[in-house]
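In structure tokens below, several structures.
Two complexes, one shared chain (subunit A), two partners (subunit B, subunit C).
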Partner chain A sequence: MSIIVTESLTRTYGRRRGIDSVSLRVSEGALFGFLGPNGAGKTTAIRVMVGLLRPSAGTARIFGLDCWRYSDSVKAEVGYMPGDLRLHAWMDGNQALRIWEKVRRRDLLPYGRDLAQRFDLDLTVKVRRMSRGMRQKLGLILALAHKPRLLILDEPTVTLDPLMQAAVHRLLREMAAAGHTVFFSSHTLGEVEQLCDRVAVIREGRLVADESLDALRQRAGHQVTIRWRDNAAASAEPPPFLKIEPPNGLVWSGMLNGPVDQFIAWLAHRPVDDMSISRPDLETLFRSYYASQGSGS
Partner chain B sequence: MNAALWKKSLSESRWLLLSSAALMFTVHWLRVWISSFFSTGALEGMFSFMPEGIEQLMPVPFSQVATSAGRIAVAYDDPIVLLLVTVWAISRGSDAVSGELNRGTMEMLLAQPVTRIGVLWTQAAVTLAGGAVLAGVAWLGTCTGLGMITLEQSVAPRVFAPAALNLFAFTVFLAGLTTLVSAGTNYRSRTIGIVGGFYALSMIAKIVGRMAPGWTWMSYTSFFTPFEPQLLVSNAAKAWSVWITKTSGSFELGGLGYDSILICLGFAAYLLATVIFCHRDLPAPL
Partner chain C sequence: MNRGLMLKAVVEIRTSTLLCGGLLCGVEAILAYVLPTFQAQFSENLRQIRFLQTFFSAMLGVDASEQFGPEAFMAFPWVHPVVLALVWAHALVCCTRLPAGEIEQGTADVTFTLPVTRWEILRSETAVWLAASLTVMAMILLGNTVGGSYAVAAEHAEGARTLIVLANLWCLHLAVGGLSWLVSALSNRRGVAITVAFVLLLASFLLNYLAQFWEFAKRIAFLGLLDYYRPLVILRDGIMPWRDMAILLMAAILLWTAAGVVFTRRDVCTT
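For the complex of A and B:
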């Protein structure tokens, strides 16, 4: 069963593009990554889902309900944390939990306090005295405390330190394992790779991919840098599975579009001084993805 | 309406309300006390030296201002009192939508299962209740003063109730207008600027309408025109009537008529603000 369904969802800001014909489905219990560079339209799509923006065209439904018309019914079962989280400065964590508890008419304090312990957050500190990371943790606690059926997080770990990021990742995995659906946006491929089983990629407001992570990995290839020991090797013709940018002296850098073992076997008998191979960052992935789209068309 | 929204709204406004109420009480009590220092005869003598045009600016003739009740009634449109209700109405009204948007806190609030109507009308209810408290405290200040201080002519406290009600109606209108502007804007400073400009223009329109022959129509464009607390104290016939019939057969609005205009316009502004807020997009934190 699909928990989130958008069909040709479009949102413009006057002449400015927001999102254009975004159609996606997120199944119940999924850990779904929504990837895209800054300004791609991730936040716009999320804000339409949460009922803060009205679609210009198309529809967005959560639990089968229209996100704009039945926004308050939808939000009863949704936990949301915005990318740029702002809370009332006069509140402390306990007050925030108590207010949210009354708003939601549910007992949030016990689980909220458990989460605070897990995220190492002192709930007696006023929001005005909290660092950005602390506010982010409090935002996560408020989004999670009512154990929502669907969790929508807009770049949830962006201001957290690596240890806390790992704690959040663990918690999200636990939630998905318990049957909750997690939809989160990120511009960090590594984070999505660690967590998700399915991803959608948005660029310039359009959905350019909606597939499993394995398929995305296949598409991504590897970024390769080779430093040759001599000019003869550096000026040789690269093999077909390596797309090398214009050579820079003894250094080759480019994309590997093939199996890693094939590349290592090819490299084994050549005069290599140094070599690195890594997953590309998101921008590189997009470039390679669009290059393949361009050549394919 | 959600109890948590009430609590939040009260938490945000309690210090402003408490300090305004304390000041409001003090101003009205002091006005009674100061009035006890002057006699009607001495004031009439002093007013006789005033240039002619000044009386035109006054809501009631000098002869009325010189009486004990008239002197105390001046407090209800004293600049400090106007400032207190204006600050209350504009600060609460501007906070309703543009203030929350400006701070970026509206997003987290509306991510909860609350309706936009609930958010706006809880704010409105707290603002209007605060307006009623301020008007009530003004009257209480006068009553306390009258109970403690002996005046030249004794005055019944109930004489000032229509003035307090008029002060409340003025607050309702101003809060409604500010909420309407707030519902359509993203910046609190912009809301305050627009309402502040309208306030100044409205005040000018009333002064010009009262001073310049042939420009009387301008006073009908001003929301200060139905705000006449001094007149409602000095004219008992007008105080509790919607309109009164003059000897010439024409009608003139009474105190309840003034209040109805301000309160109806205020509520109309609130309704329009609700429509705008329920249909508008909420931008990401600014």
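For the complex of A and C:
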């Protein structure tokens, strides 16, 4: 079952582009990564989903409900943390949780305090005295305290230290394992790679990919590095299924677009000193996506 | 109405309410004591300086040049520029917090993504604002009563008439609040919202002033909110200004409703 469905979702700001015909489906229990560089349209899409912006065209539905028209019902089961998080300066964590529990009409304090312990956050400190990282932790606690069915996080770990990032990642994995859906945007590719089972890539407001991480990697082929034993082999013409970057002495590196056994058979009778073959990391995929889309446009 | 949002609103406006209320209580007490006590000296000054007469009349909303009697001096504490400025300031500060203030400080992303409708947000905020407004009115009454009780004057304002003036001032306060909600709903910057609302109020004040000696201004004076606030007439005649109060309340309701319609339909973008 799809928790988030957007169809041809478009949002413009006057003449300025926000997002253009974004169609997405996020299934229940997924850990979904929404990738794109700054200004690509990630935050605009998220703002439409949480009812802050009205779509210019197309639809956005969460739990089958229109995100603008039934925004309050949708948000009852959504936990949201904005990218550029600002909290009311006069609040401390306890006050915030008390207000949130009255707004949501749920008992949030026990789990909120558990989360604070887990994130090592003192709930008695006023927001105005908190560091950015502390505010980010409080934002996460407020988004998570009601154990939402869907968690929407806009670059959630950007100001957290590596240890805290790992704690957040663990928690998100636990939530997904318990059947909660996590939709989060990021431009930190390693984070998405560690966490997500499915990603969408947005570029200049348009969706350029929406598939599982494995499928994305499959499609992208393999990363290959070969160290030749002699110059003759290094200066030979590469086969059509190997796309090699400009050679660097005896080393070739590039992408294999074809079956691995074909490559090994081709390599078997050649003077190879060393060789590695691997799936590309998301960073490489992302760059190749952007490079190819950029050259295509 | 949402209790959580009301609690948040209480925390956010209690300081400005107590501050404005305290100041108004003090200023009102001083004016209610000084003006009737030193009525003879003030009357002499007013007779000699024409500009002061016009100013006095403009503040009172009626031509008072012929009758600077005790009622005029009892009415002046209710229309003194400091009193009006503080009453306006309270309304402007409280009613531009949302949405303009929330958008400007970036907290709208958090507040407006809570699971409540925007109407419910506005209703919750308004309920707290009404309570704050009544608190301010109570403090004004306290100041006026205390100051008036120490005043050395031949006549004192009747309690019932004073309460009617207070009711009229409350209606004016609500109308200014409604105007502030609307301007705030149309804006992303609280400073801009406050400035626009203040300029409109100042225009109303000037219109009231100019109407004393300019026929054209007199003809369009009905457009200003201050045209419906006349403490002198109430204190002098003891008549309940139903029409004026109804117009101010109607303006408050219409402006607030328009604010709600704009707020529920608008995009919220903090970046």
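Here is the rule we use: the second predicted complex is superposed on the first by the 219 of 297 C-alpha atoms of A that agree within 3 Å, B and C clash if a C-alpha of one lies under 4 Å from a C-alpha of the other, contacts with A are read in each partner's own complex, and residues count from 1 in each chain.
Note that a contact is a pair of C-beta atoms (placed from the backbone, for glycine too) under 8 Å apart; a residue touches a chain by one contact, two chains touch by 3 or more.
Everything quoted here is computed from the prediction, not taken from an experiment.
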item: Overlay on subunit A: subunit C relative to subunit B, clash or fit; value: clash
item: Touching partner for A:His169 - first (subunit B), second (subunit C), both, neither; value: neither
item: Which superposed partner A:Arg206 touches (first subunit B, second subunit C, both, neither); value: neither
item: First (subunit B), second (subunit C), both or neither touched by A:Arg227; value: neither
item: Contacts of A:Arg149 with subunit B and subunit C, given as first, second, both or neither; value: neither
item: Those residues of subunit A which subunit B touches in one complex and subunit C touches in the other; value: 43, 47, 50-54, 72-73, 75-76, 78, 80, 82, 84-88, 90, 99-104, 139, 142
item: Subunit C residues touching subunit A - in the complex, by the definition given at the top; value: 2-5, 7-8, 11-12, 105-110, 112-117, 120, 265, 267-271
item: Interfacial residue positions of subunit B with respect to subunit A in the complex; value: 2-5, 7-8, 11-12, 103-105, 107-108, 110-115, 279, 281-282, 284-285
item: Residue ranges of subunit A touching subunit C (in the complex, touch as defined); value: 13, 43, 47, 50-54, 71-76, 78, 80, 82, 84-88, 90, 95, 98-104, 139, 142
item: Residues on subunit A engaged by subunit B in the complex (per definition of touch); value: 43, 47, 50-54, 72-73, 75-76, 78, 80, 82-88, 90, 99-104, 139, 142-143
